Every structure is written in C-alpha cells, then in structure tokens.
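I've put the structures underneath this note.
Paired with chain B in one complex and with chain C in the other, chain A is shared by the two complexes that follow.
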Partner chain A sequence: MVKRYLPIVAFGCAAALLPLVCKDPYYLGILVFIGIYSIATMGLNLLMGYAGQISLGHAAFYALGAYTTGLLTAKYRVPFLPALVAAVIITAAIAYLIGMACLRLRGHYLAVATLAVGEIIFICLNAAVGFTGGPSGLAGIPSIEVGGFSFDSDFKMYYLVWSLFILLFLMTGNIINSRSGRALRSLHSSQTAAAAMGVNVISLKVQVFVLSAVYAALAGVLYGHSVTFISPQVSDLMFSVRLLTMIVVGGMGHLWGGVIGAALLTLLPEALSAFQDYEMVIYGSILLAMVMFLPDGLMGAFENLYKKMVKVVRARGNG
Partner chain B sequence: MSDLSQIVQFFFTGITIGSIYAMVGLGFNIIYNATGIINFAQGEFVMLGGMVMVWLTASCNLPLPLGFMLAVLIVTITGAAFERFAIYPLKKPPALILIIITLAGSIIFKGAAMLVWGKQTYSLPHFSGEEPLHLLGATILPQALWVIGILMAVVGLLAFFFNFTMLGKAMRACSVNPVAASLVGINVKRIVLLSFAMSAGIGAAAGIAFTPIVLMEFDRGALLGLKGFCAAVLGGLGNGTGAVIAGLLIGVLESFGTGYISSEYKDAIALGVLLAVLLVRPSGLMGSREAASLKEF
Partner chain C sequence: MAETILQARGIRKEFGGIVALNNVDFEVRRGSITAIIGPNGAGKSTLINVMTGVTTPTAGSISLSGTTISGLQSHEIAHLGIARTFQTAQIFGNMTVLENVMLGRHTKTGCGMLASALLLGRMRREEKAIRETSLLYLDMVGLSDMAQQSAASIPIGRQRLLEIGRAIAAEPTVLLLDEPAAGLNTQETRALGELIRKIRDTGITVIIVEHDMELVMDIADEILVLNFGLRLAWGTPEEIQANPEVIEVYLGKED
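Right after this comes the complex of A and B.
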C-alpha cells in the first residue's frame, strides 16, 4: 500500500512546491505543457501498453476536446463546465463508434482507422471555415472559469493541470490494479486464453480506447484554454506521432513512462534551436531507435537495471 | 458542357486517380502477404518516386525514359535498405512494434525529403505532350493514359511474376504459410526483402506517372498511402485483383464526389469508404469473411 502510493505522493509534493522555487513564467509555461502532454499520453499508454493496440488519431481527439469547449465558450458563451461535459461526451461517442468497428476485428485495423478519422477531422476543421475559423484558427478562447474562479495565469493553470494529472494518475493506477486491469494485462499475453477465462475481450478493449480518447480530449481542453488560440494544426498526424514517441521513449505500459517521455520531448526542442526543420527526422529516428534497441523504453531499462542490481547485492549478501 | 461529357470527364479523371490508388494498394498487399505488416511508409515511396524523378530530369537533365528507370531503381533500393536496416535485424517482433517501425520510417522519409528538396511544390513535364485528346466531349490528357497504361503494365507483370516464375510462386507460398514455405527450402527472409523492394518500386512508378498531373511535394505521401490502403481494404486485404478494382472504384467515387458535392471534402470520401467498410464488411469486396477473421497483423 505504502509502496504503491509513495512515488505519486512524493511527486505531488515536489510538483506543489516547484512553482514556489521556479517563478520564471517561461519555465512555468513549459511545465504546464508537460502536464498537458502527460495527461494525453497516459490514456494512449494504457491503450498501447495494456490493450496492445495503437491509435494514430489521438491528435484528433485532442483537437475535438479543444475545439468543442473552445467554440462553446468563445462563440456561444456557454459556461465552462457544461462545455467540458459536451466535449467529453462527443469524444467518447466518436471513439466508441470507431472502437466498436475496429476492435472486434483481430489485428491492427484500429491504427489505420484512427489515422483515417484523424485525417477526416483535420479536413473538416480546415474546410468548415464559418464554424471553426478554418485554417486561420479559432482565437479568443477565454480562461477556464469554475464557480467564479478564473484560471487566468500560468501559475493557476500549473496547479490545475498537475492536480488533474495526479487525480487521473491515481484513477488509472486503480484501474490497472483492479479486476479489469488484470483482465487487460491478460489480453497482452494471449487473447484466446483471456477469452477462455471469461474476459470479454472486445468490450474491454473498447472501454480502454474510449477512456484513452477522453484523456486526450481533456488534455486538448486544457491546451485550448491555456493558449487561448487553436488551429487545425493540433489535429495533425505529426502530433499523434509526437505523443506516440513520448510513450515509446518513456516506456509502453509504465504509467510513469508517459510523464518521462513528455518531459524529455517537450524540453528537447527548447534545448535545440535548429529543431524545427529537423523535427520530423529527429522524431522518426528516436522512435525507430527506441523500438529497435530499447522497446520497453527508459522505464523498462531502469527496471531491468534495478533488478540486476538487486540480484548482485543479494548474491554478495549470500556469498 | 453537356451532362454526358461531364460524366465521361469525371469518370476518366476518377480512373486516372484510381490507378494510383490501385498501385499503392497493390504495394500494401505485396508486403502484407509476405510479412503480415501494414507498411505505413507505402505512401512515402510514391512521394519519393516523384521527387527523385524531378531531381533526375530537372537537375541532372536525364532523358525521361532513363530518369524513369533510374528513379524506380533508386526508390526500390531505398525500400530494400529500409527492410534490411529496420526490420531484418529484429527477431520475431510483435505487430505493434512493426507498425511503429514503418510509421517511424515514413516520418524519416518525409522529413528527409523536406530537408533535401524543401517545402516547395515541384512539377514534371508530361511524358508525351499536353495536347489533350477529345472523347465524347470530354478532354483527356495523354498523361492520364500513361498512368492507366503503367497500372496495366504493373498488373500484367505481377500476374506473370506470381503465376509463372519460381520466385513468384515462392512468394505466394510464403503468404499462405511462412513456416511451411521455409521447410520446403524457401528463404523467407529474402522474400520479405523482395516484397519491400517490389512495393517500393511500384509506389515509385505510380508517383512518377502521377507527378506531371498533380505536382509533388514532400508531404503528399501520407494521404496517398492512406487512400491506397482504403483500396486494399475495400478490395479485401491481401487480394491483388480486389485492390485494383477497389482503387479504381474509389478514384471514380472521389472524382464524382468532387464534381457533384464539394471539392473541400473530397479527401474525406475515400476515408469515409474505409470506415464504412470496416463497419459493415471488414473482409472487403473480394475477400472471404472466414479468411478475414483469421488474419492477424
């Protein structure tokens, strides 16, 4: 019990104290982004690491979230909370439809279908100029306001984003350690065996997919309201690839993997000034190198190292 | 323009685009049959074909036929090198990893093309002039006939290869059962290499033929690849004849959709077809339902 909650409690304390030390708005802004990406990757990680499926349309769900609350609050003056509920319902409904179509088939049809859905949403966001603002984007999204309290600074957004992250992290951790979580893990080793043990494979996979899409939508909502401007670019395939790379770098199937990947790959472009032109080649190479040489990601490598050290220490203790 | 000539016009435009989708779909099927992988880099081979051809003919001043052959050869080698470098070294990788690898490959190809050729759009001279032909009141570019002709040549060569050559038969054996194929002495690893080389080559030929009509730029590959995949799925994944028919069908649908409904949403038509097929009949038009339920990739 203590062992399970210790890391996240320690992480929470550190996260709560960090802005008191680091007051630079530039760094605070980056930390907000890391938090947003961590939320988006958490869901995708659940899907990849536990259900063994891959989605290339998470950018589209992210954009759906951002555009739904963005349009409702900026254009139609709907209060934030009902807009948020609408965003979650719309995303979940679309994800459910795609999931039902693809996940009842064996194989990785989901990858291609989500790619297609992402492309369709990208096309629609660009083409529906009167509604979404088209390629020039949607501006003037207000800050998140709940019960009269407005999250109108990076400082307040920081606490909102990371509180939500910790909440979702605890929730996801509980899912993984619950009965359905064990059922999920059983899918990874053998779908047939899992089905024989009475696991409803298809329904479970669809649930995970919908949940992961909702996480992406929540991250999108936070993104839209913190930068106040969104364009169809957020639903671009490259963004899905970026999320995917974060997970692969951090470690598929490790809850902390997404956070580590998100932090590293958000800081990387800040550190390299000539990043823009080389972005695609760099992301592609990182992705390729990781899956070829370190398929379990950094978390997997740490775990292996830790196990080896424990072994060495024990062997010495015995000898 | 009368109604009939308009219909003929849309039909021909559709068949031309459809030929490209058919070739991309064929490329998907060749790799899928040999390895069970969906190659996400398929569309990039089309883009590379067009770009390399532009570079060879415009910058190196090679004549068209020589440029064509050399461009196809270069992309074929690129495809083979990709297999040797990124897929060959792994021992029995799970499908999820293979998908990520081909996706990474596609981004690297795209990014590299952007670094080499920049973000501008390139054109290529038509193979045999731009004097349009007239048929029932519709105008047809000679280049469109080239595209259709190249599709027919590819289909003919593939039919000959798979039915009458030892290597082609070995490849078919691999797609039925790789373990059994290796037991009778077929080098499965070499077949996988060959499949990547072949589908890269076919993609390149499609890209070269297509570039004079639509121009080419570094980020064209993904959408072309996705539409080719629509053709492969609609025809029944792994089914060559199906991919050709479905590719042409999607091209025609898209062309009529552009003409009669809206040009802004034209790219969504093929993708909508893909989603509909997955929902209603995932085995595709020509595939058998039973075979589809056993497939795993």
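Right after this comes the complex of A and C.
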C-alpha cells in the first residue's frame, strides 16, 4: 500500500521544488501546459488504456470546460467556483447523453461515433457567433480567483495545475485498484466474461466515459484561464488525436503514461525548433519509431526493462 | 429426490433459419452435477449461452429457484446466482491472477467509484475482505503460488482453473462449466474431476458441458443428451450408457 504511493510522493516533492530552480517564465508556462495535458490524458487513459474504449472526441469535452467557465466568468461575471461547478455538471451531462447513445457500440463504431460528436461541438462553437464569439474566439477570460486569491501568474498556475494533477492521480490510482477499477479493466479483455461475472457493462462504460470527460473539462478550464483566450480550435479533431498520441507514446494502461506522453509531445517540438524546416519531419519520425519499436509506450518499455533486470539479478543471485 | 433448482421449459433458439435448440426441456436438482453432452453442433453451448443471458431464447422459459431468468441480461443473471466459464477460457489478461478471482466477488460487494477514489473506510474494509476471500478460492483451485503473476502469462490449463476459481468466488448457486477439460491431459482431467466434486460438496449445483466421456460418466449424477438441437435422452450415466439411441449417435448405427 505504502509502496504504491512512493513514486507520486517523490514526484510531488520534485514538482514542488522545480519552480524554485527553474524561474524562466517561458519554461514555467510550458510546465503549466504539460500539467494541463497530463490531467486530460489521465482521464483518456482511464477510458482507453484501462477500459479499452476508444474516444476520438475528447477535445470536445476539453472545449466544453474551457468555454463554460470562460463564458460565465468573462461575459456574465460569475465567480470562478460556481462557474467551475457549472462546467463539470454541463460536461458530465453531455457526456452522459453521448455515452448512453454511443457506448452500446464497440471498437471502430465507437471511435467514429465519438469523432462525429467532437465535430458537432466544433461546428456549434464556430456557428454560435453571438454567444461564443465564433471563429474569432473568446477573449478576456480572467484569471482563476478563489476566495480573493488570484492565480494571475504562471508561477501560481503551476502550483494549482500540478496540485490538482497529484490529487487526481491519487484518486485515479485508488479507483484502478478497487472493485470498480477491476471491473473496468475487465472490459478491456472480455466484455462477455465481465458481464457473466455480474458487471453491468453498459452502465460502467457510461460511468468511465463521463469521468474521463470531466477530467478533460477540468483541463480545459485550466487552459482557458491560463491563456485568457480560447477559440473553437481547442475542440478540433487534431487535438483529440494529439491527446491520444500522448497516451499511446507514454503507455496505455499506465497511470504515468499520460504524463510522460504529455511531457514528451510538448517538449519535443520545443527541442526540435532548432531544426527549423525539418522540425516536423524529425518529430514525425521519432513518433513513428516509438510506435513501431515500443508498442506498449515508454512506460511499457520501462516496465519490461525493469522485469528483465529483476530476472537477471535473481538469476545471478541463484547461480 | 432433492428439489429442482433450475428448470427449462420448451427452449427454442433460432439463428436466422437454423434451429439450434428445438423445444428442449430439462430440470436440474439442487446439489447435483448435471452433464450436457452431444455431438458437435448439437446446441450445447447455445443452451449455456441461453441460460446465462448471452443470447435470448426464441421461445421457452428458464427459471432459477422459481424466478424466471430467460430474457434477463447476463449481469442480472449473475446477480441471481449463476456463474459460468467459457469454452475458450476468457480470463482478464491485463490483470493479475489474484485480481481475476477478486473480480469474481463483484456480485457480492458494492463499493462504487466515488467510495474507491476517496478511499473511504467502508471501501478499505470491503477491499480487504475481497482479497481474503479471493485468496481462499485461489487456494481451492491450486493457484496460490501464481497470485501475483499476469493472468495472460500462465499456461492454458491453469487459465481454465483460474476461470473456475473466478466463477466460484462469486459463490453462485449454479455453476456452468463449458468444456472445462478441453486441452487438458489425463492427469489434469482427473484433478479437474476431483475439483468439480469438491465444488459440488460446498453446495454449488454444477452443470457441465463436456466431450470427455470418462470424466462425464465419472462425476455426473444426471446427463442430458442433445442431438441437432433436440433432447435425445435424459437420465443417469448408467441409463445413458445403455440407451440405444445415444449409442447410435455416438458410434453409428449397426446394420
């Protein structure tokens, strides 16, 4: 039990100290984004990596979160916390309706259905010009303010984002290692066998879909208030695919996979910007190579390596 | 004669134009081992699937201790006390051996995601009880030493035992075994027979679909013989072995 919490405690300590060393606002900004993407990918990983259900529409929930609190605070002067509650409820309700309709489908059908839902929300955000600002976006989103304290700098946002990440990480880990966590992992292997053991497959799929949508919405909320401007681009299919790529590269079905993928896919373009015109070619090649040679993602590769090392050490100990 | 626990009346199942089960009647006594045998394509697995809600019968009804279960969904039937294994072992390969058996406790426990996320005391107590009970059932099927291994990594024979362990962890009133001896060697099959008897002795009624006649004749109290979706015979192993129609189906007609 204690052993399970060791890595996240160590990670939390390191994350708490990092801004004291790295003071450059540019890098701090990047770290905020990595934290936001990590929250979104954690939810997507719960749905895809653990429960084995594909979603190509998660950017839509991210956008719903961002637009709900963005509109409420910027346009209607609603305080942040009630706006946040509204964002969570609205996203959960929409995800529930979509889930009830789509999650009876399996495999490719589910992927296509979620893709369509993402597109519908993208189109709605573009078309409702009077309400959302349409293609020109929504500007002037205020900083997050809770009880008189304003998270008005990257430094403050950094601590907010990563605290929320650690909290969600602990809660998600608890779910995975519980009765409902085992039930949702069982869906990945055999839905027929899961049902035979008494798991209400449809209801559980809807539950995990709603939960993962709420994670995406929370990430979207943080994004909107940290950049102060959002456009329908946040609900774009490409962003859904990007979130998906993060967990595939980082490791599906590993809680750390989402963070590692988010960090890699955010830092890699920065590191490669020196190559200028060749940036995208190198970036693409690296991703392709990773998917080809590390099909279980970076976390999967680490795990295999660790297991092999344990075996070698044991073999030496015996011999 | 013990009371009837499971009763099937006029079960019919059609797939398109094909009649897989045709007006099948049978009863299972509480605490017995009932075997369902028959040539390939006789409708044995379809009958198991109908009993567990994987498919719904075209006509007819099945009741468990007086409650109608035909037409219910798989998970609802599981909650009423029927557990099963599959013809090709359907273990959860992305989980450990122990976690597979722990999932078997699903119908007997109730904590949801919120209680788990917040690690409520109720959830921690339940989790501890699930683990302890599961270890007992894991021991019963003889897989204690593999508890922490990935379920996908253990040999197929062990996966079959794991599936049985997972099913009995649900403490069902009726356990359905779909060809549990397929792919097992003679020694493993004998051990399986012992295990099935042991399970019956804990009070679980066992229904087994099996091709291994030696095993069937050894453990079954009653046998249902299906042929082309029809009930060909029903009786004790001695009666079935002496039944000319059954002999004809299995060995061919003597001219």
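Note that the second predicted complex is superposed on the first by the 295 of 319 C-alpha atoms of A that agree within 3 Å, B and C clash if a C-alpha of one lies under 4 Å from a C-alpha of the other, contacts with A are read in each partner's own complex, and residues count from 1 in each chain.
Please note the rule applied: a residue touches a chain if its C-beta (ideal position, glycine included) is under 8 Å from a C-beta of that chain, and two chains touch if they have at least 3 such contacts.
None of these values were measured; they are calculated from a predicted model.
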Q: Go through the superposed model and pick first if A:Ile8 touches only chain B, second if only chain C, both, or neither.
A: neither
Q) Which of the two partners, first being chain B and second being chain C, lies in contact with A:Cys22: first, second, both, or neither? A) neither
Q. Now for A:Asp277: first (chain B), second (chain C), both, or neither, which partner does it touch?
A. first
(Q) Between chain B and chain C, whom does A:Ala111 touch in the aligned arrangement: first, second, both, or neither? (A) first
Q.
Quick check on the superposed pair: does A:Leu211 touch chain B, chain C, both, or neither? Answer first, second, both or neither.
A. second
Q.
Taking the superposition on A as described, I'd like to know which of chain B and chain C A:Gly181 touches: first, second, both or neither.
A. second
Q.
Just to be sure I read the superposition right, which of the two partners does A:Val227 touch: chain B = first, chain C = second, or both, or neither?
A. neither
**Q.** Which superposed partner A:Val199 touches (first chain B, second chain C, both, neither)
**A.** second
Q: Quick one: classify A:Cys102 as touching chain B (first), chain C (second), both or neither.
A: first
Q: Spot which of chain B and chain C makes contact with more residues of chain A, would you?
A: B
**Q.** Footprint overlap on chain A, comparing chain B with chain C
**A.** none
(Q) Please output the residues of chain C touching chain A within their complex, sorted ascending. (A) 52-54, 73-75, 78-79, 83-84, 86, 90-95, 99, 102-107, 109-113, 116-119, 123, 126-127, 130, 166-167, 170
Q: Could you please specify the touching residues of chain A with respect to chain B in the complex?
A: 48, 52-54, 56, 98, 101-102, 105-109, 111-113, 115-117, 119-120, 123-124, 126-127, 237-238, 241, 244, 248, 277-285, 287-288, 291-292, 295
Q: Enumerate the contact residues on chain A facing chain C in the complex.
A: 171-172, 174-175, 178-183, 185-186, 188-190, 192-201, 207, 211, 253
(Q) If we count contacts the way the header does, which residues on chain B are in touch with chain A in the complex? (A) 38, 86, 89-90, 94-97, 99-101, 103-108, 110-112, 114-115, 222-223, 226, 229-230, 233, 262, 264-265, 267-268, 271-272, 274-275, 278-279, 282, 292-297
